[in-house]
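To start, the structure under review is shown below, and the notes come after it.
The first chain written gets the first letter, and so on, giving A, B and C; residue counts start at 1 in each chain.
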Amino acid sequence: MTRIAHWVVLALAVAVFLLPFAVLLRDGIGADWSTVADLFSDKELMFTRSLVNSTVVAVLQTAGQVVLCSLAGYGLARVRYRHAPVVLYAVMATLMVPTAVTFVPSFVVVSSLGWLSDFRGLVVPGLFSALNVFLFRQFFLDFPVALEEAGRLDGLSRWGVYWRVVVPNATGFVAAIAVIDFIGSWNQFLWPLLIAQDSDTWTIQVALSSLLTAQNPRVTLLFAAAAVSILPIVLVFAVAQRYLVRGVTETGLTGQ
Amino acid sequence: MRRGREALTFWLFVGPFAAGLLLFTYVPIGWSAYLSLFDAHNTVAPTEFVGFDNYVDVLTDRAFLDSLGTFTVFAAFIIPTTVVLSLGLALLVNRIPIAQVFFRSVFFLPFACSYVVAALIWKMSLFSGVDSGVANTVLGWFGVEPQAWVGTVDPPLYWVVLVTVRLWLQLGFYMILFIAALQRIPRHLYEAAWIDGASPGWQTFRYITLPGLRGALVAVLTLNLINAYQAFDEFYNVLGDSRGYAPFARPPLVYLYYNSLGSGGQDLGRGSAGALVLALVIALATLLSGKVSRRRR
Amino acid sequence: MGAEIGRRGFLVVAGLLGLSACGSDTGRGGSGDGTLRHWYHAYGEDGVQDAVRRYAAAYPGAKVEVQWNPGDYDSKVVTALQNSAVPDVFEAQVKVDWVRQKQVVPLDDLLGDTRDDFVRSLLDSQTVDGRLYGIPQAIDTQVLYYRPSLLSKAGVTPPRTVDELIDAAKRVNAGGVRGFFAGNDGGVNVLTAPLLWSAGLDFLSADGKAPGFDDPRAATVFGKLRELHQSGALLLGAPTDWSDPGAFVDGLTAMQWTGLWNLPKIRAAHGDDIGVLPFPRLDSRGAESVPVGAYSAMVNARSGNVDAAKAYVKWLWVEKTEYQTEFATAFGAHLPARRSLAAKTGDGPAKDVVGFVTEGGRIANPARWSSRANTALTDAVSRIAREGAEPTGELRAALQTARDEIARLDR
């Protein structure tokens, strides 16, 4: 009896969670596949170009974040340096500051570097994620010290231990972080809207907004574009999702 | 000598990240703090020092205080709801013997959806005010009159729209955190409890599962708290319109955006002051919730 | 198309981008080679982008690159103006702050003897301290559309006073067709100005030195909006907002306040069964009105080629009248900004609107009316109309904010 109730509740929850996607597909593609073709042929929209741009940005940003943040996380977790705690606090404190606080000056910094309408401007400022560093540090704290010591005994340097021992044993966790970073990067909107002033550098979210902000929004096209824009994410997710729970389990984020 | 080598190693690992954080986070924060002490209309290089005037201005502004108040209430509602529902999902999924991956994926999928797209679906399809809107169709089955949803102030039905879209977007992520934590609880604890005669329902949940979830609870609470006060995207997209934003359900950031940062009047000094006040509120709330959850331990 | 009044920032998660201040001109395109960069916001009508690119390509005096900007265009302009040399030319509605910071250049000398041909109120709306900063491109206005067949079936005549509007909305409200639609916030944003005008008031006093709604009649007229909200005759929660003709076209409402620019779509849907009216007056002390707004062509003071930019603006928006006519009329209904051209265009409803603009056109976004003052006023109107707050007290708070803002502009 309780087992049946359990499945009924699950089934209901699944229906509720999938309903919005069904609605999106119905309104976007359901009526007419030619709408999707329109998306790719409409030159004002820059749809194809923006999909490519988003892919480039998301891939570069994800890779950069993973490398930079894992290095920093490892250093903070393992290297005994007397100022390390201060650095850690300085990293964590930035989590509480709303992005609104830093938006204007960040833009000024990027534009003084000459990075407007430039992939560097889209990618680089987003590489320094304090949350990622924190998660990597938690993960490395729990990493078996014995493995690392074995590496040291084999004559590896700290650096060698990191690349040859730690990283190969952290692929699951790295994959989990990478998926979350990729999603975040794909979905970000404000920053690209500001930086990508030339339509050549528009990301998909910016292209979507050009549909949304028209006075007379082309609703069908809008829904179709929205539906297409979440496809890559769904694909990435489908491939990588099995790493996620394992990765999160390993973070220690949820541990004691 | 050895100490010097460790310092060098440390900065080799942490240096590149720290340099970026300095340039793209600390420099901007410092700059904002500087701006907040000036009359900085339409400029980032202000000359007129005004001391704490911008702070006084923001803290005596009824609309800004209202929005802080509203979002304290919002946080007080959304956080427990999120915790209960995402933990519920985690327990549901974690207990089934088959197709776990499928269910996990379904519930996590919305996390991949952008706020823009979600707001679009909610506003224009699910909670559209026309009779054929999805929610109104469902109401129709039960013989209830169609509602205007986003347009209805009394009772404030717009909250239904805003809360459900946020829950849909974030529940899956927090569910994953809980599932991860559940899987870390050693099975032998449960087995030992059963041998001791504890019933597999409430008692094991109360004395084994919940304590095992403490870390996850703190993480979910903290992330949720920060997100609640920083709400912007879905509110802006659902309730904002071409000209402005209604005075209700207005997040602090939306208020600052429209009044100090947006197109009409860039009052960067006041905007920075408001944003820093908000950062302080978030920090205090986080510390407070940390204290409370530690005391419970 | 969409000038200021038609702009639709909604859904742009444009978040804090607005604040994006500036930076240096080391970004793209410091126009060392003499190329002019011309910015437009993303017009919703098909064909506008092609047309403006065609105009730019035809300019003999310099190479002009057109940049099409989706999203929160106004914020982007504010950002760029702070210290970027790009764009050289852009469309916008002048703000006092821009003039104070010397971010835009006066354009009075471009008009020559055509000055009298431009609709006076448009020039006024682009003028700060007696100098003109933008050349009007076209007139955007909003009107009250109604379906004569539905009104006569309900036995009401087209409303010429606010009370008649409320009465008509109530009486035609039946059978799934609502009486009146003025946006999903029930007209708070888009009707605030017309309501003030209907009572003979305004955002600002005639000299711009004081708020224009320090009068008990403001409470009366916003009370009327409350009455409309309580009547149950307003359409709320429509799939599209006031600036889109969707609700009216799909027959969800018998009357809608929306842009003139939607006329082609509305006519395609309802044929001759449409009428247009200005916003009605409260009583004999007020007047019928339509809001007039228009993006105007402006020149960035930091442009490397101010003179070349001015020459280009003069060529496009003063001399090339055939382009101006096409721009205003070929892609959705607008009116040319010049009376000689406006007189030649339009028939039926469009012709009526020319009359509304000439007789009752009011500036929708005065340069001295700041966004903060506007937020304070619309907050008050929202509380009065939607939540039933007591009008006098709400308006007193808005008046105070408006006074502070006016004082700041003159500091």
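Assume contacts are C-beta pairs under 8 Å (C-beta built on N, C-alpha and C of every residue); 3 or more make two chains touch, one makes a residue touch a chain.
Because the structure is predicted, anything quoted here is derived from the model rather than measured.
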**Item:** Neighbouring chains common to chain A and chain C, by label
**Value:** B
**Request:** Determine the chain that sits nearest the middle of the structure, using the mean of its CA atoms as its centre.
**Result:** B
**Message:** Using the stated contact rule, I'd like to know whether A-B or B-C comes out ahead in C-beta pair count.
**Reply:** A-B
**Message:** From the mean C-alpha coordinate of chain A to that of chain C, what's the distance rounded to whole Å?
**Reply:** 39
**Fill in**
chain A to chain B, mean C-alpha position gap in Å, rounds to 17
**Message:** Can you work out the whole-Å distance between the CA centroids of chain B and chain C?
**Reply:** 35
**Per-residue overlap in chain A, given as positions that touch at least 2 other chains** = 99-100, 103-105, 108-109, 189, 209, 212, 219
**Item:** chain C residues counted as touching two or more neighbouring chains
**Value:** 6-11, 13-16, 19, 21-22, 72, 239-240, 243
**Asked** Among the residues of chain B, which are close enough to touch at least two other chains?
**Response** 44, 115-116, 120, 124, 232-233, 253, 256-257, 261, 268, 271
**Item:** Touching residues on chain C, where the partner in the complex is chain A
**Value:** 1-2, 6-17, 19-24, 26-28, 42-45, 49, 67-72, 76, 79, 84, 239-240, 243-246, 259, 261-262, 265
**Prompt:** Can you list the residues on chain B that touch chain C in the complex?
**Reply:** 41-44, 62-63, 115-116, 119-120, 124, 127-131, 133, 147-154, 232-233, 236-237, 240-244, 246-248, 253, 256-268, 271
**Item:** Partner chain B, residues of chain A touching it in the complex
**Value:** 6-7, 9-10, 13-14, 17-21, 23-24, 27, 68-69, 71-72, 74-76, 79-82, 84, 87, 90-91, 94-106, 108-109, 124-125, 127-128, 130, 133, 158-159, 162, 183, 186-187, 189, 205, 208-209, 212, 219, 222-223, 226, 229-230, 233-234, 236-238, 241-242, 244-245, 248-249, 251-256
**Asked** Which bits of chain C are touching chain B when the two form their complex?
**Response** 6-11, 13-16, 18-19, 21-22, 72, 74-75, 77-78, 81-82, 95, 97-98, 101, 103, 176, 183-186, 188-190, 235-241, 243, 252, 370-372, 374-376, 378-379, 382-383, 386-388, 397
**Fill in**
Note: in the complex, chain B contacts chain A through residues 3, 6-7, 9-14, 16-18, 20-21, 23-29, 31-32, 35, 44, 89, 92-93, 95-96, 101, 103-118, 120-122, 124-126, 134, 168, 172, 176-181, 183-184, 213-216, 219, 226, 229-230, 232-233, 253, 256-257, 261, 268, 271-272, 275-276, 278-279, 282-283, 286
